[in-house]
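First chain written, first letter: the chains are A, B and C, and each begins at residue 1.
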Amino acid sequence: METISFAGQLFQYLITGLTVGSIYAMVAVGFNIIYNVTDIINFAQGEFVMLGGLIMVFFHVAVGLPLILAFPSTVILVTAVGILIDRLAIRPIRRPSVLTLIIATIALSILIKGAAMFIWGKDPYDLPAFSGRNPINFIGAVIQPQYFWVFGFLVFIAVALTFFFDRTIIGKAMSACADNPDAASLVGIDVKRMVLLSFALSAAIGAIAGIVITPISLMEYDRGAMLAVKGFGAAILGGLGSFPGAIIGGLILGSIESFGAGLVHSGYKDAFALIVLMAVLFFKPSGILGDIEISKIKRF
Amino acid sequence: MLRIAKLPIAIFAVLIILFPWVAREIPAIDHYTDIMVFVGIYCLITLGLCILMGYAGQISIGHAAFFGIGAYVSAILTVRFGINPWACMLIGTAVSSAVAVLVGAPSLKLKGHYLAMATLAFGIVIFIIFNEEIEWTGGPDGMSGIPGLSLFGFAFDSAEKYYYLVWSFVILAFIFTINIIQSGTGRALRAIHASEPAAGAMGVNISKYKIIVFVYSAVLASLAGSLYAHYLNFINPSTFDLFFSIKLVIMIALGGMHNLWGAIIGSGIITFLSYEWLHYFEEFEVIVYGAILLLVTVFLPNGLVGVPGIVKGWFRR
Amino acid sequence: MNPVNNENVLEVQGIAMSFGGLMALSNLNFQVKRGIIKGIIGPNGAGKTTLFNIITGSFPPTNGTIRFKDRPIEHLKAYKIAERGISRTFQTIELFGNMTVLENIMLGCHTRIRPSFLASGFKFPQSGRKEKQILERGMRILKFIGLNDKFNHLAENLPLGEQKMVEIGRALASEPELICLDEPAAGLNETETHLASSLIKAINAKGITVLLVEHDMRVIMNISDEIVVINYGQKIAEGSPEEIQNNPRVIEAYLGSEA
């Protein structure tokens, strides 16, 4: 094992980066769903991921539900949290300015984090990998089977959202809200319901991200904030509001982080993604894809 | 017209002067003077944050960074180089100003969420640097042996003496900030908050004012950091984490960020909560903070200083 | 009408503006003589507000020059242009709603005092003197626009017509040589429109050049000395109100699309 070639090492960084990047991509997609419908950046987005992981541990490990039952139960529960957030915290705000909404979602974020600490304590939790932990060796890199589940769910989310926004009435209504809320409400679309739905959908995606990443990186109560910031970085990198951009942004950000931690300085692992985020905000807030057509496609 | 009455300031100053004498006599609260030192230190930061967020309408979720820069510049220069603490304090403000200009110039072009995220990311990056640059900062273990402050042979070596030192800074900063708010500068800041296109068309150099007020808030936070380091004689990075930046926002949101008194009230309440009243909750106090912040956002958009207005509204009905 | 000399206070030369490939203005040329009221008309979406935004520095044009008092200004930021002596109002009201009427006007004097942060914080005597001066000037302007009794009201609580007046007052406060009014009569009733017209004339009588975008044809025909007509980002006519009213291209631009 000591004689891993440099090329193999690089390949390993890439694979790890893309896996983590897939999670950032899912968080970024969650940001975009809410942002497109409401113009709100939900700073509590990362908490959905944390809840997904920990609730899954509860259902699967503590209660002993089989994977096939624990998975949907977790997603449903986190989705319910998303719905509660909109009903109890976002909708009651009487004069919603950008600042109040930012503060409100930050409040939610620390509230959820505190509640998670209350329920699960401060220890990280493990979750059995979906199909075991026998790594596959490929060009000198060690690939966990769980990595494929992560990529698989990213593809699944992309395909499912495409279908949802293009083929279903509700999805089309949500897209209409995103494009022009006034017009949407004129033609009889219940904008409030769409906002609620956007929180539900983005909570569900966050939950999936948390469930699939926990077997790889464990999960603990305070992971949400960093996941949210990095997911936002991914969304910004790809152009806020663009779904393909979110996925490309997430994969790039994950890779930068992985290579940075591996080749430059592991202690600054978290800093790389944040510095990329700041650089993009400072120099090209419209995202790296900028004027390229893909960033203008809001849907898949 | 925006006028801040002078009488409450005078009363407030008298109360601040008398407080340690009263606290000294009552055993149950005799340690409150010590807590009030921290209230004063946090007031310095929130006064700057209040004018930045409440008046100029900008957002910062990274001010723990400037607090930390002040503290670490003081700590490193005194402990490792033996430089005079007061000089360190000045150097700290200079470093903070430079960082504020470097980060503020590109950040403050951003609006809303973008600005919030940029400052948040900045705060975390600085926090990571405090943790990782071990040969300078001592890493997660922090730095000890930071000397106290003394002036012309008079050492501020007790909570009471330090209390008066810190609150002198607060009162000066309070008056300076009030002067800003009541001047043409304050008007320009509020105009930027209300409408950037109109402020620009009326001749307000928007980016200049934004950077100046950002630097001012960074300088106050940096001073607070130095005062903190020289009081505790020990610092470690966990004081300057993301949650502290959020706590600062909670302070001004609770007190009311459209009013300087809000900064003082909010700092006071939150500091007493975390140093005294929430001991029972231990680390679950974060739930209380989250609940406070959420309730204030939903029900008291103008914070506690807005409560009299709401009550008046009830009676008018 | 003021005695008109031939000095141009503003020259718009070959201005073009495109937003992501969409041409909002193309090769626009006209001059504004000192001391006149120049009207700009055109159907919706003709590019009038874009032109105002370029003149007052909201964004630079894609192409062309704008000369104010013989100096190019098209590359300057909004605040610099305000300092040079151009002021404006907005089509959609952009008052500082959380400030009082008087404070709004006093902010208009910003270019004349340019308060410094340290001088304000330390309360240097000169900043106090300046404040007093502009407070008095603010009250004079409020009297001029007839709102001196409402000086202490929050701007956002005024009715629309008075808000429009405050915007004009605020623009006047910077002592501009050229004032750009973007639809000052939009949304006003008959009486208010009449008041606005006489106010604009009174401003002009003080020697201030007025550039006026307006949809209300009676207003523009009554008070303008000259009119430029823009359609699809291009100038289609220029001349006195009588000439414009009888210009077949203008009639076509306004009626042609409906016929």
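In this section, a contact is a pair of C-beta atoms (placed from the backbone, for glycine too) under 8 Å apart; a residue touches a chain by one contact, two chains touch by 3 or more.
Treat the numbers as computed from the prediction; the structure is a model and nothing was measured.
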- request: Could you work out which chain's C-alpha centre is the most distant one from the centre of chain C?
  value: A
Message: If I average the Cα coordinates per chain and compare with the overall Cα mean, which chain comes out closest?
response: B
Length of the line joining the C-alpha centres of chain B and chain C, rounded to whole Å: 42
- request: Please compute the C-alpha centroid of chain A, do the same for chain C, then give the distance between them in whole Å.
  value: 48
- line: Between the Cα centroids of chain A and chain B the separation in whole angstrom comes to 33
- prompt: Mind pulling up the chain B residues that touch chain C in the complex?
  reply: 1-2, 176-177, 179-180, 183-188, 190-191, 193-195, 197-206, 212-213, 216
Statement: chain A contacts chain B in the complex at 41, 43, 89, 92-95, 98-100, 102-104, 106-115, 117-118, 122, 225-226, 229, 232-233, 236, 265, 267-268, 270-271, 274-275, 277-278, 281-283, 285
Chain C residues within the chain B interface of the complex: 56-58, 77-79, 82-83, 87-88, 90, 94-100, 102-103, 106-108, 110-111, 113-117, 120-123, 127, 130-131, 134, 152, 170-171, 174
Task: Using the touch rule from the top, collect the residues of chain B that touch chain A in their complex.
output: 53, 57, 59, 61, 106-107, 110-114, 116-118, 120-122, 124-125, 128-129, 131-132, 242-243, 246, 249, 253, 283-284, 286-291, 293-294, 297-298, 301
